[in-house]
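Heads up, there are several structures right after this.
One chain, chain A, appears in both complexes that follow, with chain B as partner in the first and chain C in the second.
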Partner chain A sequence: MDLENQKRVKEITEKYGAENMIVLIGGAEAESAGLAAETVTAGDPTFAGPLAGVPLGLKVYHPVEPEFKESVDADVYEDQIGMMEMVLDVDEIVAEVKAMRDEFTKY
Partner chain B sequence: MSIFNENSKVIIIGDRDGIPGPAMEECVKTTPAEIVFSATECFV
Partner chain C sequence: MNYSVVKGTSYILVHAPDMVIHNGTTQTTEKYLNPDSEYLKTLPNHLRSYEEAVNYMPNQVYIGNHKPEVLKSIEQPWYDKGAEGAKRDGKFGEIMPQDEFIGLVKIVDVFDLVVLSKEFTEEIKSKLENHPLLNEGLFARLKTGQDMEDIERYVKEQDAEGLYNDKKLVGCVKKAHDVDVNLSAHVLLENLVSKASGTLAALHLLHKNDLKPEEVEYVLECSEEACGDMNQRGGGNFAKAIAEMAGLTNATGADIRGFCAAPAHAIISAASLVQAGTYKKVMVVSGGSTAKLGMNGKDHVKKNMPVLEDVIGGFAVIIAENDGVNPMLRTDLVGRHTVGTGSSPQAVITSLVTAPLDKGNLKITDIDKFSVEMQNPDITKPAGAGDVPTANYKMIAALGVKRGELERTDINDFILKHGMEGWAPTQGHIPSGVPYLGFARDEMLEGNMDKAMIVGKGSLFLGRMTNLFDGTSIVMEKNAGKLDDTKGISEDEVRNLVAEAMRDFASHLLQG
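The block that comes next holds the complex of A and B.
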């Protein structure tokens, strides 16, 4: 996750509190989505940005995960995400992001 | 059970090559959650 976005995530979490925060990661590949999910839960794994060593433990989802899909309007989902859902490696992305959430999310 | 409720604050980190921020915004707007930040990253 780029450094500016890490800074914003940190500031916004301090402002609103971590408990109600949900981060949505739209990464195209399992690896990049997993790294972003790790950044907002366990801290920046590259130790380059403002979230290095800052385990926010936020709830994090990728929009291709069933939890997200079931939480939003089905027609809007189909219009906005449906096409990319067919292109992306959904199983790998879900496994990666879920693993981070299960291990590091505190809320 | 929905992951969103009226207390939810949503941060969206989109990906130009994956799911862009605005696409997720439209979906979240169909829930009671509030979007507090949305960006689309570009890995080039």
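The block that comes next holds the complex of A and C.
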């Protein structure tokens, strides 16, 4: 996750409280989505940004995960994400992001 | 209606290993943050020689010595496979070595900001003297060079940016102002590299297509650099600066910006200018970027592979009046990502791909080849960015499925038939849509293809002025061979219009 985004996540979390945060990740690759999920839960694995060594433990989802899909209007979902569901390796992305969430999310 | 045509193209690369180290932002940032880092120490061992960069299939495809289809037959990664019949000169351009290019940077500098050492100047003189595209006027601009002591002093004491070859200082770019950062040596080097590589592309375009310099009436430059001073930071005008160097005495021009989408915007603008009759021949041209050299270098080094982002890219296209032969640019089949389009991939692909097709009652399968962001996957995959062209083709195919034009099981076949492996260096605007123009023109002239779509996309949010994304697209089509001779408006219509105006005038008189 780029350093500027890490800074924004950190600032918003400090302002609104970690328990009130949900991070939605748009990464198209499982690896990059997993890294972003790790960054906002366990801390920046590359130790380069403001979240290095800062385990925020935030709730984190990718829009192709069932938890997200079921909580939004089905038509809007189909309109905005339906095509990408066909394109992305959904199973791989879900596995990566869920693994990070299960291990590091505190809320 | 007479569409304009793609009359010729050129594509050039410059191998610039020392610029990877000294001018690529990944490396300059690392030097600033961690000057003693392991990455900076090991990086030089991962840089390719000129011969290796030439003997690399994606580069040979870029300059036109192989068709893009050849890449499908080579197993990835490609960097350890070599390229059959690899050579410096290509059908569309050349791969210039760094030493000669540094000479070219000096040649295009009109403010004596570039200083090369006497020894280095002597060394490259004999090479550049034999370059078929450098005429006497350009060659004389190389001059004789200065003492090395002066150059060392400029770099150490006067904020000049060093120019290196074979890891040795051979010259520098001086700053042009004491306090203005826009005229700092760093910015000027980036701009002069862009100008020099753009000039090389323009010269190849003229040479390879038997085009007389004085025939070109207008130039649209579409790189991602900005030239100006502190009172007008992006004042421009690279287009005219390049036109001057290429001897386009009858041309003026302007710069078009839009991140990686700029070349597609420029092609559509040029096609429209010619179709409207404003100019007969418009050149679209762009040089490349030093900042993006070695952008994914850390990942390449980590994966123990060569740093593949070691070339600067450039291209030029000449768009001319319909000659009944060359492929046409269908300005009625243009796609654009509007402010209201939205940012979901579905909305983006709809606006860029299917919206223009709908205007012509076409299906996605009516387009023989889609030229999207043709980034070389050899570079992007090890960096975790995936295979960019394939991701684009999957999205186009998936949209086709949603529209009922394809079966879901046909997605892979669609990608094989209508897609291509990427071959262009990751120089932002350079891989964006335009790399296939030259090949598409050849295929259409040979009668092998009817339609191609050129798609450019740009990440505007990087400039922090808008969160929006951007893109535009145009269909290129085999020439129908017939020119439309009819005037835009018939005599009867003119008579009616005049009569109506007279009636209107008379009624005003009566009212008065």
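Just so we're on the same page, the second predicted complex is superposed on the first by the 107 of 107 C-alpha atoms of A that agree within 3 Å, B and C clash if a C-alpha of one lies under 4 Å from a C-alpha of the other, contacts with A are read in each partner's own complex, and residues count from 1 in each chain.
One rule holds for everything that comes next: a contact is a pair of C-beta atoms (placed from the backbone, for glycine too) under 8 Å apart; a residue touches a chain by one contact, two chains touch by 3 or more.
Being a predicted model, the structure only gives us computed values, none of them experimental.
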item	value
Touching partner for A:A52 - first (chain B), second (chain C), both, neither	neither
Residue contacts on chain A - larger count, chain B or chain C	B
First (chain B), second (chain C), both or neither touched by A:E31	second
Which of chain B and chain C A:D2 touches, first, second, both or neither	first
Which of chain B and chain C A:I81 touches, first, second, both or neither	both
First (chain B), second (chain C), both or neither touched by A:I22	first
Touching both chain C and chain B, counted on chain A across the two superposed complexes	28-29, 32, 79-81, 84
In the complex with chain A, residue positions of chain C that touch it	342, 344-347, 349, 384-386, 391, 394-395, 398-399, 401-402, 408, 411
Chain B - residues contacting chain A, complex	2-4, 7-15, 17-21, 23-24, 26-31, 33, 36-37, 39-41, 43
Footprint of chain C on chain A - complex, ascending	28-29, 31-32, 35, 79-84, 86-87
Residue numbers on chain A that touch chain B, as the complex places them	1-2, 5, 8-9, 12, 16, 20-29, 32-33, 36, 40, 58-59, 61-64, 67-68, 70-73, 76-77, 79-81, 84, 88
